[in-house]
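My structure is below; once you've seen it, I'll send some questions.
Chain naming follows the written order as A, B and C, and within any one chain the residues start at number 1.
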Amino acid sequence: MTDSLGKTVVLWLFVAAALITLSAPTIVVLGASFTAGNIITFPPDGLSLKWYGAIAQASDLRQAFVRSLIVATICTVIAIPVGTLAGIALAKYRVRFARSIQVYLLLPFTIPLIGSGIGMMLVFGEMGALGRLWPVGIACCVINLPFMIWAVTASASNLSPDLELAAANCGAPPLQRFLYITLPAVLPGVITGSLLMFILALNEFLVSLLLVDARSVTLPVQIYNSIRSIITPDLAAISVVFIACAGLAIALLDWLVGLDIFLKSK
Amino acid sequence: MRTPRAAYPLTWRVMDGLERVAAALWPARFQRGLPYLMLLPAVVLVGLLVLGLVQIGDTSLRTLDTSTFLMSEDYTLANYRRVLTENFFATVAGRSLMGAVIVTAVTLLFAFPYAYVMVRTSSPALRKVLLVALFLPFFIGQVVRAYGWLIILGNQGMVNEALGLVGVSPMRLLYNYPAVLFGLVQYMLPFAVLMLAPALTAIPAELEAAAASLGAGWVKTFRHVVLPLSRPGLIGAGLVVVTLSLTDFAIPAILGGGTQDFIANAIYDQFFRTSDQGLGATLSLMLVAVGSILVGVVFLLFGAGTLAMAEARK
Amino acid sequence: MSHDKFLSIPIRRRTLLASMAAAGASAGLSPLGAGRAFAQEPEKPAEIIVRAWGGSWVDSLKAGVSDSFTKATGIAVRHDLTEDNEIQPKVWAAVAQNRVPPIHVNWDTTTNATKSALRGVTEDLSDLPNLANTTDLAKPVGLDGYPIVNTYGYVYVLAYRPSAFPDGPPTSWKDLLDPKLKGRIALYNDGIGFHFPAQVAGGGSLDDIPGNMQPAWDFISQIKAQQPLLGEDPDFTTWFQKGEIDAACTISTNAREAKKNGIELAWVVPEEGAKFDTDGLWIPKGLPENELYWAKQYINHALTQEAQQVWLDGLGLPGVVPGLTPPADLVGDPSYPTKDEDFEHLIRISAKVQVENESQWFAKFKEIMQG
């Protein structure tokens, strides 16, 4: 059946407004990165690839990008086992104090990023671990953990418990049940969650700001510091590179799992 | 006929060994404790934050000595007294709370149609386009997006130029409260849609068809059928948006022109400008308290909605 | 002190260094070159890290100080662009936890550096040979010895767009209250540089600082009605360039930067006066001995005339070494004070007073601007 005209018009007005709002900064940054001038403006005055050339040459930006990749990898590698186990536990088992544990595990959301950042700066400082990249990776994992757990529970709650019972009935011991039944079923959630974690860690700047120094600066912090001092189009160029990476990640996610996973009911 | 040895593959042997190890480490008697074991790593990891909170709590009880810039040795509640009595902090807290509520309302207003169209459309291509448009900006940092808006809404930006074509002189669209709220809404939109979509998917389209066949117009159907059934989504989205807007730092700083500080900006100022870590720590703790109470109350009253990580027993 | 160890010849250290400096200066050699001849130096680190403000500030530092330092010693210089106020808690935490600090040299405002000095996290720099060749400006006021070394001064001028002032340049800070300028003026977001002229513009006197600052707060409340934009250094340049503001209380360097990009700007020191302050270099405690030595050499190098000339040409600011020539566009400019008369209209308040009262002034300014 077709929707009434009124409904379509009203809905699409809202959607169009949202679409414009969501895409406008992306387009502006994209356009500004091709400018031939020295200031970030849109529309750009003149078109040139010189700013992409500039960032390709900037070795400190390249090193910062590599460090960001390392941090994101550490974050994802830790998040996958931790988040998967926690997500499965919450979704499939009767846990006492489930609500309190949920509130506790939502702490990374309720504590402001700046609070988490300073707290972890003090804790890692006491441990003498500052100045290395692994504390940054762990910090990014901690503050984004709820996303991972959320993604896994979304998949896990769709798994019928009968499947595991059937497997047990056929004689499968617990570890094999977990590895061959449960894990593959939550795999879409795990993949979604890990891609989310990776991209969020790649872009994390406020907490990293407090945990890095010049020898371990990551790309978002480098960009943020540069933006704080002078805003030149090479920052727009770097942002476009980031957008491209995000686009690749989304395409990857779509190919592996299908973007529709985010629409699955809970 | 295959020999018995070849009928028992290597992988099976390995798995048998692993099962024996697992059974030794975690005998079946402890089966009930298994979920707690699985939750342990996550609990420990988040424990890092708790450790940090303890340190912050300790710092919040010390005051700053401006002749040596060291924190005082003894504990005092002076910082808490300052936060509760000084006008500035009340202004900032009020601004942040009101802003968070307004942003949540507006975001939900725009996220709902977006999620609805995305879920109900029959064209997978359109769904993909809407999803990609949602995620692409989601993954760019707040800072860069805010700077994009500075360019668009600036005095010489596109909006003012478009207005100039109609004869309106350039307006100051930035560096005020509405600009900050707008910035927050555009940042929170993807989060809200992400939380709303699963709830909308769970509403069968036939329900709306049934309502229509009983004579309800689309507005009535929305009001009486779709909205109530999407409550878990609205709660999940509302929770996420309210906590993230309340604690946001970059957008009030960049779009506010220095006059629209939110709580996170005030915390930053105390830690980094006046070097009064005690006051900054106090503000942080109070923000955590307000945020947690908000989340806790909503959980108690409404459940966690689509933000839930535990499955309600079916 | 670490230096006692590397001199194998038992000569009094100060006379030796002083004669080295004299010999070096007269022979045109850098003290580093002469020193290498007969003293064993500590091991050179691969690089030293200097915190600097980004954009034209770090570019000038590179051109004037860092590149020539690397050429003379072979040690690479990495510039950390973390903001001065963000590096401060990191350095303080490192010293408090007995760790190696994240930077070797901090290029900081004198007020911030004074805080670190009062807290005791700075290394003493009194033994730098080139200090003998500096003006009084280099010595921090109100602190013992040289926990920091001031390297140049600057003026918080009233920068303005001439096209917005058809009747001629503004002569007083009160000109900012013109209704035409509503929403078109800018200040630093912590009010820095504005408190003291505001005190005078509000009818008070400088002697009342810090005892009675009410005139300053009254004037600032009037300014608040003008809805000023509040920001940091790069914001001023951007706002001038994008046509968002017509006047600002800012350091002349930022206005000069916008001017270089083609924007028509000028600046004055109004009749009530303008704040004059300094920036400096300091070294955090906790560095290994050899790195401390080379960090000191870096600061020493920054105090040579050649280094100061190139560095400060980029910034357009007066230095602390005699004999510097101002850039062509700044000869006789009020933002480049060199002689005593130039300083008559400039307000200079001791760093100690500023540091002690800063959080109150900050809180009061915020309260007025955000209330």
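Criterion: a residue touches a chain if its C-beta (ideal position, glycine included) is under 8 Å from a C-beta of that chain, and two chains touch if they have at least 3 such contacts.
The structure displayed is predicted, hence computed values, not measured ones.
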Contact graph of the chains (line, ring, star, complete, other): complete
Of all chains, the one whose CA centroid lies most distant from that of chain B is C
Taking each chain's mean CA coordinate, chain A and chain B are separated, in whole Å, by 13
Dist(centroid_CA(chain A), centroid_CA(chain C)) in Å evaluates to 39
Among all residues of chain A, those touching at least two other chains are 122, 126, 231
So chain B residues touching two or more other chains come to 156, 271
So chain C residues touching two or more other chains come to 83, 86, 89
Listed in rising order, the residues of chain B that touch chain A in the complex are 15, 18-19, 22, 34-36, 38-39, 41-43, 45-46, 48-53, 55-56, 59, 109-114, 116-119, 127-128, 130-137, 139-141, 143-149, 151-152, 156-158, 185-186, 189-190, 194, 197-199, 201-202, 209, 212, 217-218, 232, 240, 243-244, 247, 249-250, 263-264, 267-268, 271, 280-281, 284-285, 287-288, 291-292, 295-296, 299, 304, 306-311, 313
Chain B residues touching chain C in their complex are 64, 66-70, 86-88, 91-92, 154-156, 172, 175, 257-261, 269, 271-277
So, in the complex, the side of chain A touching chain C is made of residues 38-39, 121-122, 125-126, 128, 130-131, 209-210, 213-215, 217, 222, 225-226, 228-231
Within their complex, chain C touches chain B through residues 83, 85-86, 88-89, 92, 115-116, 118-120, 183, 189-190, 227, 229-231, 242-244, 355-356, 358-359, 362-363, 366-367, 369-371
Touching chain B in the complex, chain A uses residues 1, 3-4, 6-7, 10-12, 14-15, 17-19, 21-26, 28-29, 32, 40-42, 78, 81-83, 85-95, 98-99, 101-116, 118-120, 122-123, 126, 138-139, 141-143, 145-146, 149-150, 153-154, 156-157, 173-176, 199-200, 203, 205-206, 220, 223-224, 227, 231, 235, 239, 242-243, 246-247, 249-250, 254, 259-260, 262-266
